[in-house]
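In the two complexes below, chain A is the common chain; its partner is chain B in one and chain C in the other.
Right, the complex of A and B next:
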């Protein structure tokens, strides 16, 4: 009950935030939710099940291209496009999960890196796949409807944002509930020891494939809204480096925590835009120009520092400190809180 | 037949570069347990330093051999310093952590190096090669002309593989490196300077990466990303060697180079070789038992 309430409060507050801003920041807000879906998919796959993946942006990209194909190619309703995008990402996720049945750790990282590179350089860019990617121009989505309402990108960005945010709150709530459910305990048992989990009767094949499929579906759900928000699809947003950034930012923010995904999504969408908008000018008589590249440098350096100093991520560390402070306050007469 | 021979030579040249890149990965993985995803990025950065010296800073009246020598030296010195810096600043502090954590840290290094390079040298495609051998020099082998630069690559890959192998086997420092790769704790109990060994491994690995990057410049239009992404081919070659065997790694590099080159006779696609690399990786992981090299990782 508390969780539902928290999700509702988060939704109402977050839905209001972009209202007063210009179109650019509304776009950032919608993009933040799309990236947050990508990071949430890693919370499920890495945080809960302990499987490493360097191709989450590929899943999001497959969702985006499928949705673009449905809308621009077959003139489908956007709801149908989203369902198709999620389904395509789910299928690809299960296929990627098959080698993961035998691999773990760094070998799985190598294979998923290879998959991300093949999609980045080959599938999303090659002539042989133009039926899927819409050629070099990509799919243009300017006349989309959803629930019978007009949802095209330029004028109705807020509508797309609200739908995305509502979906994110629902999926995040489901994820938090999954953590403590029977299925969630089985998934976490796989993370801690696959051998022990199998001994306790957990069907490894089923749960690992399901975890990969569901994780890909979550990333694909965010990605399938990309054509609606950006107006078109291109390979650039879903290339290999986005996948690497997903992995880096998910770990940086705290890969075991659902709210960290939201935090990471905002970080990933808003910081580069703020840098390119306000990162140039003069300071004390000297001109400076901070480009997008500084964002990725910062991500890399922060990730290294975090892994050395705060292994549980930014959110995990803040949470632990808050809980410690709370229980210290509890010693003065308040309620005792168990620090996990 | 002539075309086939020409493609074979291109494939062997490409394979030599994959072998060189993979040798560095294997060296670092064996001695420090770090699977270095940033290997391509490290080679890329050193290559661009060499390129900068060759095309940006060297004087137009200097003879070409002097510019080349200075450029390669600058690239290699930079690579050595970068390898040592990474060891001292980053990997020394995570020696006891799980292999996956160390691998994720190298992704942070990759992202930082990649964007730093794109900040300095922008996202342009360059085709301004650095030739180690004279560009026009060719040798005739059974009627097929072979560029001297291809021979340099192949000789260097084979030489480094056997040189490194001999170094690890016959010198006392090489024995120390192998001891650390077997067990850092017992090695340090026997008085092996573990920190020094891992610093030297990082330096050597970075040097080999720089060499691979400089040698590839005549063959591709390179930019900051394409050199960074050389990592997947290098990893494929390293996996063929099981992440431990130097000769098998070099063989794997040559095989992969040929496998990626022959399809370009029929398929004109920049992305298709990546698919070949992925298929090789998956095939190797199916054929080889993955637990075989989990032992080294600890």
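Right, the complex of A and C next:
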């Protein structure tokens, strides 16, 4: 019950934040949730099951293009488009999971990197797949309807944001539930020792494929809203580098924790925009220009600092410290506080 | 009533026949032992039965099911559970969660109902949790339920492994070297535990272990493997007296008269080569050793003995610079090396062979030995090492990782001797090795001494260590409590030598260890003081008043008890 309440509070608070801002920031807010879905998919795959993937943006991209195709090509309701996007991502995830049955660690990373590269350079950009990508211009999604209501990306950005946020809260809640449930324990058992998991009755084939499929579906769920938010789909947001950024930021924020995904999503969407908007001007008489490129450098530096100072990720370590302080305070007050 | 039937199981790894047509029967309710020297094929057979590897030929039947090609989770479903030699608990999960995984895995729950926390998932959750608690209670692990399994000491983790296997409600429990890394007293507890488990949970067991005392105490029936073939099978008593088994397991020299003193220590002259003065060290917030004071003279063999966790390994690490000393002083060859880098200490001629040997598995034997740079800094010729270890000459092209444990230890020793050291520190040389191999290795230590190389040994096999050593230090709770010439410690009436293969097992002399020696329980008491806290406090007070180590007080008191 506490979790449901926390999710509701988070939703209510977060839903109001972008209200006072301009369209640019409203777009950032929606984008933050989309990226948060991508990071959440890694919490499941890497944080829970211990599998490495460097193609999560590809899953999001497949979700985005499938949704774009459904709306622009088949004039489907956006809800149907989302379902199709999630399903497509799920199927691709299961396929990518097949090599993961045999591979682990660095080899699995290379294979998923290869998949990201193939989609980035070939599928999303080649003429052969124009039926899927809508060609160089991509799908234009300005006449979408959802629940029969008009959803114009430029006018109804807030509505899209609210729907995304609500979905994120629900999926995040399910993920937290999953962690402490039987299935979650089986997934975590695979992470800690595959050998023991297999001999203790965990069907590795089934759970690894399921993990890849579900993870891809979560990334795809976020991605399938991209056309609605941006008005169109292009390959750029889902290129290889976004996948790498997912991996880096997931580790930075704490890959085992669901709230870290939300934190990472905001970081990924808002910081570059703030940099491009306010990163130039004059300071003490000297002109400076901090562009988006600085964001990449910042992520790299932060990652190094985090791995040394906060090995469990920003969220993970701060949470541990907070719990520690809380239990210390509890002990002072003569109360026993359980630290889970 | 046959439960498990292995017929003609054959496994080849490349050109090597690891298992050669083994057949085995296990009856319901039986505890079956599987023993044999290193490389005999025990683990291979065990892995065939648990489904980690598939036999090239032959069949494995469990009750009415053909298991030969069934994947591991399928065997789990049929009621076969196992434990692992190299602990495979899910370290980041709590002990309770570790037990709940196999319960859920065999239940009929799915991922989506779990994520939604539907009522029957919640119900199953509570039921699993209750069952887990019940099992933990029986195995006296209740207080660890909420602790992450990875944070527990190895001895407790072994028990958790057994608890986790029981959580599957198995009918057959496969135990892979459950006594590995346990001290004699813990092994004795384990034997009682296994009997209790059979009574309470009605399971049959297949047990693979080096520890003869455990196998002899626990098993109803024993199979002996050697070179992948079945050498003998029968009741423990018969196996124990079987000359074939004794020859295979213990080597040609099967019996050694008790009290035989192989070497009389000649006191070594000259200033100490290594001097350790009130050394303190630890990990993180934990101080593991304090006030360790010891010395090694040139050409002397010194043994450090004591219970698990007494601080022996940490002492070696602090001396060789692998961890930082927090206090005290280490002098080697007249130089103060406290806080020096491990590399510099090695260059001075102090070689440390760590627990686990510190070898590179993917490099060949010959290349490993060539990698040694002597003090002059150029590559060395491995020939002298091959003269010392003819077996290694045969295997010079083989990758180190593919060698047996005993051969790997030989590589580590050969590498040490090639660097022309003045002192070699060897940590747990005989861990996980069969008695024949262990004896060969101890002979090498004698060769070291003959060549004027000093040796500092850390050993679980107290008797063997005392046989070879000139002097010994007894560690207790992070400091060396007792010390003396090895001959005295060995001939002390508290160090009664038993005979091989657990022949002299009686109710109290259970403190046997892996190579079949017995140690008097009184000494075990000193080594791993497990007395009630009240008694311990009184002892410590007395020790402090008299200004002696607690161990010395215990020895005196035990002496008095025995005199009466």
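We adopt the following convention: the second predicted complex is superposed on the first by the 334 of 340 C-alpha atoms of A that agree within 3 Å, B and C clash if a C-alpha of one lies under 4 Å from a C-alpha of the other, contacts with A are read in each partner's own complex, and residues count from 1 in each chain.
One rule holds in what follows: a residue touches a chain if its C-beta (ideal position, glycine included) is under 8 Å from a C-beta of that chain, and two chains touch if they have at least 3 such contacts.
Just so it is clear, the model here is predicted, and its values are computed rather than measured.
Undergrad: May I ask you to decide whether A:172 touches chain B, chain C, both, or neither, giving the answer as first, second, both or neither?
TA: It touches nothing on chain B or chain C.
Undergrad: What's your read, chain B or chain C touching more residues of chain A?
TA: Of chain B and chain C, more residues of chain A lie in contact with B.
Undergrad: Which partner does A:241 reach: the first (chain B), the second (chain C), both, or neither?
TA: The answer is first: A:241 touches chain B but not chain C.
Undergrad: Which holds for A:300: it touches chain B only (first), chain C only (second), both, or neither?
TA: In the superposed model, A:300 contacts chain B only, not chain C.
Undergrad: Touching A:233 in the superposition: chain B (first), chain C (second), both, neither?
TA: Neither: A:233 stays clear of chain B and chain C.
Undergrad: Have a look at where A:33 lands relative to chain B and chain C in the superposition and call it first, second, both or neither.
TA: So A:33 meets neither chain B nor chain C here.
Undergrad: Check the residue A:189 against both partner chains and state whether it touches chain B (first), chain C (second), both, or neither.
TA: Only chain C; A:189 stays clear of chain B.
Undergrad: Contact residues on chain A for chain C in the complex?
TA: That would be residues 174-175, 177-178, 181-186, 188-189, 191-193, 195-204, 210, 214 of chain A.
Undergrad: Which chain C residues qualify as touching chain A in the complex?
TA: Residues 50-52, 71-73, 75-77, 81-82, 84, 88-93, 97, 100-107, 109-111, 114-117, 121, 124-125, 128, 164-165, 168.
Undergrad: Give every residue of chain A touching chain B within the complex, in rising order.
TA: 52, 54, 99, 102-107, 109-111, 113-115, 117-118, 121-123, 125-128, 240-241, 244-245, 247-248, 251, 291, 293-297, 299-304, 307-308, 311
Undergrad: Spell out the part of chain B that touches chain A in their complex, as residue ranges.
TA: Residues of chain B touching chain A: 35, 37, 90, 93-94, 97-101, 103-105, 107-116, 118-119, 225, 229, 231-232, 235-236, 239, 269-272, 274-275, 277-278, 281-282, 285-286, 290, 294, 297.
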